[in-house]
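Shown below is the structure under consideration.
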C-alpha cells in the first residue's frame, strides 16, 4: 500500500496553497496553454527569455494539487536558468516520472533535483503522473515556440 | 409485490468482497457504471458455455437457442419500458452513445433540414450533445439549449419561445451531475403541442425508477445496460414503430440488408435494419438477466431506497461540513435522484477522490461528460457520489469519514 | 515454441460437453463465430467480480485497474498484429462491421471525393461492401469489383486496369464462403504502386493464421473478437497512425472530445477520438485473454492443424459423395483455409443443415452475407462447414455420416 | 426430441421433388414476389382470377424443401376455389403454423385441411415456420393486389 504522504508531501501542499510565480507576462513573452482533457487540468505558461536565460516566468491555470504544485515547483526551478540548464531539468524531471526500474532514484540523484524531487512520490500513483507532467510538457512546448 | 432488500442485492455482487487499501469497498460511482449481480454474469457464462452461436440464419439447435435468447432480450426490454409496439421497436446498440448517434445520423439526417431546431438542455451529457453538433455541421440544423437555473433545474420560463421551430426535444431523464430529475411527461406534452418529437436520455433514469414510454409519451428512448446492473457492450434505442420504419439505415453490413448485388443494396425492416454485423449476443443475455433482476426488485422500491439514502446523505453532508462542502444540485430529494456532486472548498475533486480511494471509497472526479453544465456553474470538475440499488447507509458513513480526512489534509 | 494440441483446446471449451439430439456436439460453424475457451470467460468474470468500473478519468483503484485492463488489451492486440505504431493505432469497435463503417464514414467521407474509386472483390462480405455503397450514395465515389474466376480465386488478369483511379483497395484475407486465401502482400504492393491504400478484412483470417500488418504492408485492418475465440461485442480497426490522425470523428459523445461548450466541440487524438461512450470494457478483457490464448497456441500451429483437417475433409467428401456434393471453393489446400462450402445436389442447404442438426452437427446454410459472390456462382445459398483450432477429425467423421443421411433422405 | 420424419413427411418430399403448378401466367394475371431475406427463399405467385374464382395459379421460385413444398401444396389447395374459400384456407393454414397451445390440432380439424395438414410438423421446428408461411403470405398479398 502506498501512503498518501508519498503523494501529498508538505512541499507539494505548500506550493498548492501558495503557488509561486502566479500571473501573466505581456508580449513579447511567449504564452503557451497546456490542457489535460481527461481531468480538465489547465496550465498557461508565460515565458520571457533574454540572452538565452529565462528572465521571467508566470503561470495561470487551474487543476488538482499535483498539477498546480508541479507547475509552481517548475517555475521556481527554472527561473533565472539558461535554456540549456532548463532542458536538462525538464529531462531529469521526466526521468523521475517514468515507471521504469532502471531510473536512478538514489538519494544523491534526487538531491541534485532540489525541491522538484518532492514529486517523486507521484510515480506510485500512476493515474496522477499526467497531472505532474502537464506543466513540464507545456514548458517544453513553450521552449520550442521561442523565436530563434 | 416485489421484495426489496438492499443487503440482499449487495450480497449478489462479488466486487463488494474486495478490500481496497485495507478498507472494504465503498462503491459510490453507480452513475458511471453499476456493478452487475451474479445472475447477470451467470446468464452470460451460461450463454457461452451452452448456447453460443451466431444468431439468425442458423438452423441448428444452438443457433436457434442463441437467437431465442437474443430476441428474448428484446422482448424483455420492450416489456420493461412498456413499448407500445413490442420487441420490434427495440434496437440494440453498443451503448447509449451509439443510440444517440443512430438517432441523429439516421432520423435526424433524414428528417431534419437546414434551419430545423433540436432543443437540448445545458445539463445534457455529451452523448446527447455532440451528435447534434455533428448534425449541425453536416445538415445546418440549429441546436438550442434550455438553460439551467440557480436551483439546478431546467429554466422553463421561456419554454414557448424555446420551442419555436423545434422538431425534436432531446433531454435527460436525470442529470448525471446534478441528480435533477426532469419533468419529462410535461415536456413531452409541450413538445408535442409545439409539433415536435421528444427523445429521452434514460442512461441515468432507467436504472433508478420505472420508465414507461407510453405513460411519459416520449418518442425515443436511449440507455445503456451497464448503468442498470447489466454488462458493458450493449445499449438500446427504442423508438415508436412508425418512426423506426421511416428511418434509413445507419451502419451498413450483414444482417441489415434485404438484398445486395454488385450494383447496390436494399435494406431490411427494423429492428434488423439498424443492427449491422454480429450483435452483442452474450451482452443481450446479460441485459435480459439484468432486466429480470431489476424487475424482481421493483423499480419503485429501488427509487424509494435511493431517495432515502440521498436524503440521509444530503442532511449529513450539510451537518458535518457546512459551507466547506457545497452540493452542486438540488439540496432536497424532491425530483432528484441519487447522484450528488460535491464542490469541496480548497480541495480539487481529483484530490478528494484520491484521498477517498485511500479509504476504499470510489467516487468520480471530473466534468462527467457534461462540460456545458460545468461551464454554466463556473466549475471545471466536481467530486461525484452516486448510489445504486446495492448502496447502504454504511457507504455514506465511509464517505463522510474519508471526506473529513480530505478536508483536514488540505487544511 | 508454442505447443499445440487440438484436443487440449477442445478440453478448454465447455460447449463441447453438450449433447444435441443424442449426439455429442459437432461444431463446424467457426466461420460464423468461434467458441471461447474457459480462460476468456474467466477473464471476463474476473473483470466483473474484481475490477469493474468505468474507464478513464477514474482515480480510484478499481477504475485504474479497469483502465489498465482495457488499455492492456489494446497493447496485446497491437503486438498480436505487429502494429508499427503500437497500441495507439488500435481502435476498439463493436465488431468488424462497425470497423468498416468507421473506415468508410470517417476516412472515406473525408478523404474521397466524387469519382474516386474503391476497389473491392466479388468475394467480399457485406460488411466490406454496404458501407462503400452508402459512401457512393453520399459522396459519389465509384465502387469497383475484382472478379472471381471459375477457380474460386480473384481474377487478377486485368489488375492494372482495375486499379486505375483507385484510392483504396479493400479485400478479405480469406473468403468466408470459398475458403480462398488472397495474396494480400502482392496486392498491397500493387495497390501502393498505383497510389492507393489497402484495407484488409481480417474477420476470417486473423483467427486462422498469423497476421503481421507490417509484413503484409497493409494500411487498415478490421476484425471481430468473436471469430478468434473472444467474446461478442468487440471488434478492432487498426490503421497506421498518420491515417488515424487525419481522420475526423465518427460517433460523437463522451470520451472522444477535447472540449464541449454550448457553441461546439473539439475532439481528442486517436484512438480516443473514435471511441465515443462507455467502451466494451469486459469484452476487451475477454479479447485480451483470447489474444494471449491464441498466441500460446501459436498461429502457425493453428494454420497447420486446420490445413490438415481441410485436406482430409476435401478428400473424403470427394471420395464419399463424388459429383453429388460439389465444393464451392478451391479443391486443394494451397492458399485456402478451413471454410468449405457445399452444394449438395437435390438438397437445399437449409435442409442439409436441418438433417445435420439431427446428428448434432452444426453447419451454416445461407448466403453468408456474400450475396454478390452467390450471384456470381448462380447460387442462392451454400451449406458451409468451417473449422476452428478445437476441431478434430472426428468432427469430419460426424459430418460425413450426417451428410450421407441427408443425401439418402432426399433420394 | 422431434423426429425429422415429422418435418419431412412423404407428401412434402413428393411436392418438393415434383412441384405442382410450376410456371408463369401472362398478364393480366397478378404477379407477386415473396422473399425471405434471412434464408434467401423466393416464391413468385402468378394468379388468374375469373368471376371470383382462382382460375389458374402458377409458381416459380427457389428455396428449401419446406418453402417449395409448401408453395406447391398451396397451389393445389387453392386452385379452382372461390376467393372466399381461399381466404379461409389461408387462415386455417396460419392457425396451423402458430405455436400456441390453444390451436385446434385435433385429427378432425387436421383432416379438414387435406394435404396441407402435412405441414403440421413444421411447428416443431420453429426456425422453419418462416419457410412454410412464405408462399401463403405471398398469396395473401396477391389477393390484396387483385383489381377490385
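All chains are identified by letter, namely A, B, C and D, in their written order; residue positions are counted from 1 within each chain.
Operating definition for what follows: a contact is a pair of C-beta atoms (placed from the backbone, for glycine too) under 8 Å apart; a residue touches a chain by one contact, two chains touch by 3 or more.
Keep in mind the model is a prediction, meaning the values are calculated, not measured.
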Original post:
Measuring from the mean C-alpha position of chain A to the mean C-alpha position of chain B, what distance in angstrom results?
Top reply: 39
**OP:** Using mean C-alpha positions as chain centres, tell me how far chain A is from chain C in Å, no decimals.
**Re:** 46
**OP:** Would you mind pulling out the distance in Å between where the CA atoms of chain A average out and where those of chain D do?
**Re:** 79
Original post:
Which parts of chain A, given as residue numbers and ranges, touch two or more other chains?
Top reply: 38-39, 128
**OP:** Could you tell me which residues belong to chain C and also touch two or more other chains?
**Re:** 21, 57-59, 257, 259, 350, 354, 365-366
Original post:
Can the chain contact pattern be summarised as a line, a ring, a star, a complete graph, or none of these (other)?
Top reply: other
Subject >> All pairs of touching chains, each written as two labels joined by a dash >> reply: A-B, A-C, B-C, B-D, C-D
Subject >> Contacting residues of chain C [partner chain B, same complex] >> reply: 14-15, 18, 20-21, 25, 29, 32-33, 35-36, 41, 44-45, 48-54, 57-63, 94-98, 100-101, 104, 122, 125-127, 129-131, 133-134, 145, 224, 226, 231-235, 249, 251-257, 259-262, 264-265, 276-283, 350, 353-354, 356-357, 361-366, 369, 371-372, 375
**OP:** Could you please specify the touching residues of chain B with respect to chain D in the complex?
**Re:** 56-59, 64, 67, 257-259, 268
**OP:** Over in the complex, which chain D residues touch chain B? Could you list them?
**Re:** 35, 37-39, 126-128
**OP:** Mind listing the chain A positions that touch chain B in their complex?
**Re:** 1, 4, 7-8, 13, 16-17, 38-42, 62-66, 68, 125, 128, 131
**OP:** Please give the residue numbers of chain B that touch chain A in the complex, ascending.
**Re:** 21-22, 347-351, 354-355, 358, 365-367, 374, 380-381, 409-411
